[in-house]
Structures are given as structure tokens and as C-alpha cells.
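Order of writing sets the chain letters: A, B and C. Residues in each chain are counted from 1.
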């Protein structure tokens, strides 16, 4: 009797940490397949490639914590980045100002999403999916799908190194820690979790639920815009592929990390970070093996599938 | 006794009135819009233009009907357009390799059925959230489409387009297939016990279970139907444009399908909607695009307008749900 | 006018669509006393509590606290007047820690430079929790604690806010016995601290045990105000029910019909353990146990609604053979009235006729649904079950509790089953509907149906059952035959007193 409970607890612990176990296995497999995998250069590449998704993932985690889905993040990232880049390149605005403008623009779109969801009471994922369509339309109209190259001032950020890492990598990692602290150790963060874990109860206790949801959407948009800022430093240009399909990748990543779609459960670090990192590692590893892009897409989908299945077993136990 | 009876009666009468005014108001607004169009762009009403809208909307209507089935049962299927694209591409490849239309159609349907079963199984048996489960299918289907087409367009044989993409007398094959599908689906949904079970599950899954309805079976069947309809839509669409490629489905298509379902009366909360509504929804949405093109608006501006219209359509769902509940 | 009591609510009125939920209600309470508020569901007790807690606003009436007139229109007002409500279902956030849940109102007070002071918070939380004798780790996430502990969080919240008036809304409905005792101890403690405690319940014995005074409510009115020491149970019952209610009693002789259903070694971790029993034709079998003992879970695992880990079910088929049957198949053949009609019973947004025919759709369809036949049948059932409604097209959500319950009964009877499972046949149902449903259950049994009934009301078990199985900790510990069924006996057995099987 006691033994079977122990085994059950052991299983539960294993399932709870399935994603980390999985991450370790992936790393072992890839490093045994390629000697270049476990090198510091490669890991810096992995970190660099994960910055954009990490930024989007941080924002999305906040939206998911309050129990809402934001599917406009990919398009929002592209929108904020493109508009600011155009202002910078074609209209001669101050590059530094435009860099700051990116997250602000993203936050503004988040504000619109949030108002539509909380005040007009629309369904979040339908609104944000529609918003995505509109934003992509606007961007294509403005840019004619031509890539925009960043001026030298922006590229200079890349060359500033902190602990041997590019400044923007350190920056996003620091922001990640900050956001986790806000989520975990501030009144604001705790109330966000309260709203997400039991909306009706939060309302009953007189928490201003609408404003917390609105704030979550603004944060989600803000970080989508911040992702645009990071990518313009990282790649030096805003391409037409930027943000395309990122919303699903971002949802996949944070859900993979253990952020719940039902709200209330999740963290920026380690959960969202782990999810993003694992997906980037797999992409990196598969590219090293010379695999197709499509294979990455399918692998990603299957991993999410397995994780969601594990999640449903866990809930049944 | 009397007071409860009185309340029940009063409340019911009130609800019907609210419902009726709402329907009347939306009809009046629609009629006014159509009249305005008649003055601004008379060409819109040319028989040829209407017919071309009908042909264009047939694939979306068929997919939206599948979406409505899933939505009535309280779920959502994001994978419909992607499955349509994948089955269309594989079908086109098979036809090109074997030159056998029947084999092509069979492979289209096989892919669609498999995808539907996978969705149904994940949702009903593995208890994965429908949104995520179908998103997974969507990602896989997109990936596989990329793989099989290598981003190029695959032409389909003449015989195939001749069969499903031609006029039979005054009626285009696409329209015929659409009408046939919708009639059958409407009948099954509203007139049979199976249809009643779908509504029951969408209204309250737990209650349906306690009534002895095998909810998991019904849900698998519902996703299977939506898969099959993706396959039919693939046949219709590839036959019309005579080729398969990655452009068969885009983000805009998946929104088109969901929006058509909502305009057609389905709700994301489940339990309501009819299959013929899918036609109304698809027709309105394609009519809108058509009209914007007539006004000389470019593709991407249309997307922007569509995005805004979809937000409005979402609003439509919200107020309609409110009117139902009042 | 001089105010004599510390708290007075005077001439409260509240209208809901079609219901006068509070009709000229005047209730007073003194410091250092426990006031019971009893009545059946729909009597207006909860409306009164929610009004005090600021969760709904009254239409007219006045409140006086400490002799001064005050307004309670929302939660803020209620908080200002130092009123705290302990909800029937504790309001907690599953993803926050216990301490955070306790201080959810006061998180600001624990913030220093934008950062929450967890050390202080945990210390304070354990202080408040130990004050009420709750053994719960403040660092634990709320989703991992028991129902009783969740309630402790709410009580601790009330202490943190230094509430003067503490309202308990049916607090014992899902507590274990020890948790219940602890709760009573806390209430006593609050009383000694000169607080006002108001205690809503429909359990008479609890009122008699802990209250000093009690107010009886019925149909939105106060029908009685008694000192506990001076009142008899009979008086209270009459106050609650309004008039002498006809009690339906199973007069039938003990009969030994043939076995129709047999359950063998059913296990469903962790709530159901090793269940063996059989049901006979024409008998009413009660499953009796405390809340949380696993009664509902046993039925759910029989029907495979919770997938059982092991076990077999045999049912007599038409030819009279006992055959093994799967849970799903059994559910298709039997009738099952669930515990909570809102959660998993009715289709609230559907009309009555669809609800009535939902369980046996096959009888009304041969390829196509015969809607005409459905309507005719529903009208017949509405007559038979005396459902009060203008017609069969009314939405079920607009009906009263009793009529909703009758709709479910009608649906299940329509299946014409050999075995009838009823979980809480009369929860939240008015007295008249109650005796009607009791008569119906007896009638079913007389017609040869085997009835398995779960009920929290001991009287229902006493009056209706031919045989009672005692459920404790997810397993059947005893069987009581009709001649031995008595209140004392059932209570003793479900608490495990007689056998001395203390664990």
C-alpha cells in the first residue's frame, strides 16, 4: 500500500519535471551526435538565437498567467520593429529614440487588445488573431515586404560585450530575472496570479480584475515590441519573415516549459525560459545535423504533444 | 406556483423579444448595406459576380461547416485549413506520380481522415486541450506541406479539374459539392439523434455524460467529420485553381473559417450553430473581399479591413450570447 | 429610536426577478453571541449573508452597527464595517501560498521597496493560523491543502481584518468530523473574544449545539426568533417547513427479490476501495456515509465516469442471466440522477422537452428525430411529474430547484431502467417537491426497479431504504437491514463507533 503510493509520488515528481529530464536527454543526444554541439561558441549562438523568443515568451507568460491567450505577439513584434525602423531609416528619427519606441508601440497594441478583451468583453484569442491579420496587413503596406537595414548606431550595441556576451543577451537575461521577481515577489505579480487562478474569487474579494488583465496584455505587447528591438540589434535588419508564426512557437515554448493555458500556473524563470531554451537547442541541434526546417516544425509539434499528454496524465493522477 | 409560472413565462417572452429585435436589427443593417452597395457598385450584383463569389466561398463554406460541428460540440479546430492544404498537396503529388485521379482523391481523403482522427483522439481520449491539440496538427501539417511541395506549386491533371472544377450546365461543380455537403450536414446536425448529442455535449459535457451519451466517441466523430470536410474542401479548391501549393491556406484562411462559423451562428462557448449558417458566413466574408476588390483596394489593405471586421464579428458573438442568456 | 443590540438590520427588502428574496427582514445580534440562521434552501439566508458581505446590494432597509446607521453597498463598505464572510466554498487562489492567501487584502502592508517581505508574512501567517489551531504550513500552495484547511484560510483572513462580525455560510457542508469539531471550537473562541458570529445552516443539530439564539427564515421572511435554551426541535422544524409536512415512509415488507446488479472488487484510487455489493429487484438501497466518505465516487466509478483501477460489474439481462457489463454500457442502460444538477445534471440553456428526452434519444429516432413525438412525450411527463411550467418549451434554467429536479427524474424514468441511481434526490428542493420525489422513488421500487440512493439527509435513509450500506473512507464497512435502520444506528456506524474500528 505505502509502496504503491511511493511509486505514484515518484512518478508524479518525474512527470512534474518531465521537461527538464527531456532537456537533459536532448543535450546528451545532440552532444553525442556532434562534437561541435557542446562548445561555448555554440552555446552563445543558442543563447543569441533564443533572445527574441525569450522576450516574446516572457510577455506571453504574463498573458497566460491571467488565463488569456495573446496570439498577436508575432505580428506585434514585426509591426513595432518595422514601424520604428521605418521612422529611423526613412524619416531620419533618432535611432536611440526609435529603439525605445519599439517596446512602447508593442505595449500600445497590447493596450488595444486588452481594452477589447476586458472592456468590450471579447474573446481574447479571436481578438488577438484578428489583430495579427490587421497588423501584418499594415506592415506589408508600409514596407512592401522589403527588408529594412539598421543604421550603425544600432549595430554598435552588438559589439558591446558584457562577460563576453553581447549586450543584448545580457540585457534580456537581466530583464527576465527582473520580471520573475516582479511576478513572484511583488503585490502586483501575486495579484496577477490570483486573478488567473480564480477569476470569480478575485472579483469577489474586490481585486480590480479587469485592470490586472489589461496590464497583462500591455506587458505581453511590450515584450513583443522588445523582441523587435533585440532582433534589430541581433540581425541588423527587419526582414519579411520576422514574426511569422512566432505566436504559435511562443505558445508552444512556454507551454512546453510548464506554463498552464488555464491560467495561474507558470513562471518566467525557470519555466518559460526552459521551454524557449529547449526549443532553441533542438532547432540548433537539428540544423547541425543538417536536417530540414520542416523536421524542426514537426519535432516541435510532437514534443508539445507529448508534454500536453503528460500534463493530462498528471491531472488524472 | 403562480409566481414561478409567471416568471418563467415572462422571462421567456422577454428573451424571445430580445432575440427577435437583435435578429431584425442585424437583418435591417445588412439590407441597408446591400442597398448602398447597389448604388455605389452596381457591378456587384451582376449574376456573373455573384456566381463567382459563390464559387470562391465554396471551399471556405465547406470548411466552416466542419468548424461549426466542432464548435457546437464545445471545441475548436485550428487545423482545418492546414489539413486542407496538406491533403491537397499530397493528393496533387499522388496524381502527378500515378496519373490516377481516384488514387489522388483517396489519398486526399486518407490524409484528412487521419488528421481528423488524430485531433479527435487527442482531445477525447488523451484529454488534451482542443486548442493545443489542433494547433499541433496545424504545425505538423504545415511542416509536412513544406516538405512535400518544397515550396513549389504542383499542378493537378486536367481530368481532375474537369471533374470538380467545371460548370455542369449553369452550375459550377464547386457550388454543387458545397450545397450537397451543407444539406447533408444540416440534416445530420439538426434532425438526427447524433446531432442532438453534439448539441448536448456543447451545452454541458458532464450532463451529457451522465445521460449515458458516449461523449468521447461523439467528439472523435465530430473531429473526424471536420477532417473529412477539410479533404472535400481540398478537392474543391485544388480542382478550381488547378494546382496545389503552400498558398492554399494562410492565417487569413483559418480566420476566414472561424469567422464564417461565428457569423453562421456558432459560438466559441459551444452548444449553438447550424451547418447552413456556414454558407451564410462564408458568403458574407467572401462577398466583403469581393466588394473591396471592386472598390480597387489592394490585397493587404483588405487584410487590415478584414482584421477589423473579424474583431467586430467577435463582438457579434459576445452580444448574441448575452441576448440568448438574458 | 434607541438601538439595543450592537448589530441591527432593519426592514431589509431584496427583489430578484420574480422572487421576493428578503421580505421585511429584521435581524439583530449582540456582541459575544452566536446567532444561528436556519431555513431550507431558498429561504433567504444566503441572500441576507451576501447582502451583509456586500456581494449584493439590498433594495431597501437599514443597518445599524454599534448604534450608528451605516451603509453596506459593496465589499469595501462591508470591510469598513469589519464584517467578514466565510464562504461555503472557501474563496482561495490555488496557485498562491497559504500565507499569500491569508494576506491577499494586505499584500501592500508587507511590501518594502516593491518587494514582498516573505519572512514576516510567513511568521504572521503561522501566528494567525495557530491562533485558530490550524496545522498548515504557510508556505504550502493552496491547491495542495484540504477543504477544511482552505476554510481556515478564510477564517484567518477574517482575523487579519480584525472583523467584528463573522458570518459563516454553511461552513460544515464539506468538512470531516475533526475539522468540524475544530470549527466549533474556533466559533466558541470568537464568541469569547466578544465578536458577533452568525451561522447559516440547515442542520438543526449544529444550531442546537453551538448557537445561543437562532432566527428561522422561510420564503424570504423571518418566521421565528428563539433562544436555544427555550426551544424544542419540533418548534424549529415547524418554523422551517411552515406546516406539518407529510413524511413519506416506505411501508413495504422486507422482500428478497432477485439480484439485478452485482459489483465485485471495485477499486478506484484513492477514493474508492474494494467495493462489493449487489442490488435486488424492487429494493431501495441506501449508501450512507459522511460527506467525503466516497459515496458519490463509488457511483461514478461504477459508471466508469472515473476510470476504475480494477473491478467487475454484473447485470441481469432480459433473459435473466447475470452478465459482465462495462461501466459505459451500464450508464446507457441505467438511470443516473447526479449530485449537482447545475454541474452535471441538466442542460440549463435547453428547453424542458430536450432535457426530458436526452437520455433516451434512440426511442425517438429512426434515422431522424421525431420531434412531434418528443413534445407529446414531454407534455405527458410534465403532467406525470407535476412540473410547474407554462409549457414544455421553457428553458430549464428558469425553473425552480424542485422543478428542475423533477425534470431530471422525468428524464431518468423515461429510460424505463431496471436500476436507478439517485445521488442526493432532494438537495435544494422545497418541501412539497421533496415528498413528491419520495413518493416517486417508492413507486419506482414497487414497479420492480432497483434503486440505489445516496443521501446526506438521515431521514431520507430512515424513511425510504430497505437496506443501507455504510460507506466510510471509500469502502463499505457495514450493512444495515430494514428492521435495524435507526438514526442512532446509522450515525454510530458511519462514525465507526460501534465496531470500534478507529484508525
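Before moving on, here are some points about what is shown:
Just so we're on the same page, a contact is a pair of C-beta atoms (placed from the backbone, for glycine too) under 8 Å apart; a residue touches a chain by one contact, two chains touch by 3 or more.
Because the structure is a prediction, the values reported are computed rather than measured.
Taken as a contact graph, with one node per protein chain and an edge wherever two chains touch, the assembly is complete, since every chain touches every other chain. Looking at A-C alongside A-B, one finds more C-beta pairs in contact between the chains of A-B.
A straight line joining the Cα centres of chain A and chain C is 44 Å long. With centres set at the average Cα position, the gap from chain A to chain B is 30 Å. The part of chain B that touches chain A in the complex is made up of residues 122, 126-129, 131-133, 135-140, 142-144, 146-147, 251-252, 254-255, 258, 262, 268, 298, 300-304, 306-308, 310-311, 314-315, 317-318. Touching chain B in their complex are the following residues of chain C: 17-19, 305, 328, 331-334, 336, 338, 343-350, 354, 358-359, 361-362, 364-365, 367-369, 388-390, 393-395, 398-400, 403, 411, 415. Against chain C, in their complex, chain B makes its touches with residues 1, 3-12, 15, 187, 191-193, 195-197, 199-200, 203-204, 206-214, 271, 324-325. Contacts from chain A toward chain B in the complex involve residues 69, 116, 120-123, 125-127, 129-138, 140-141, 245, 248, 251-252, 255, 261, 292-298, 300-302, 304-305, 308-309, 311-312, 315-316.
Within the complex formed with chain A, the chain C residues making contact are 55, 74-76, 79, 91-96, 100, 104-105, 107-108, 111, 114-116, 118, 269.
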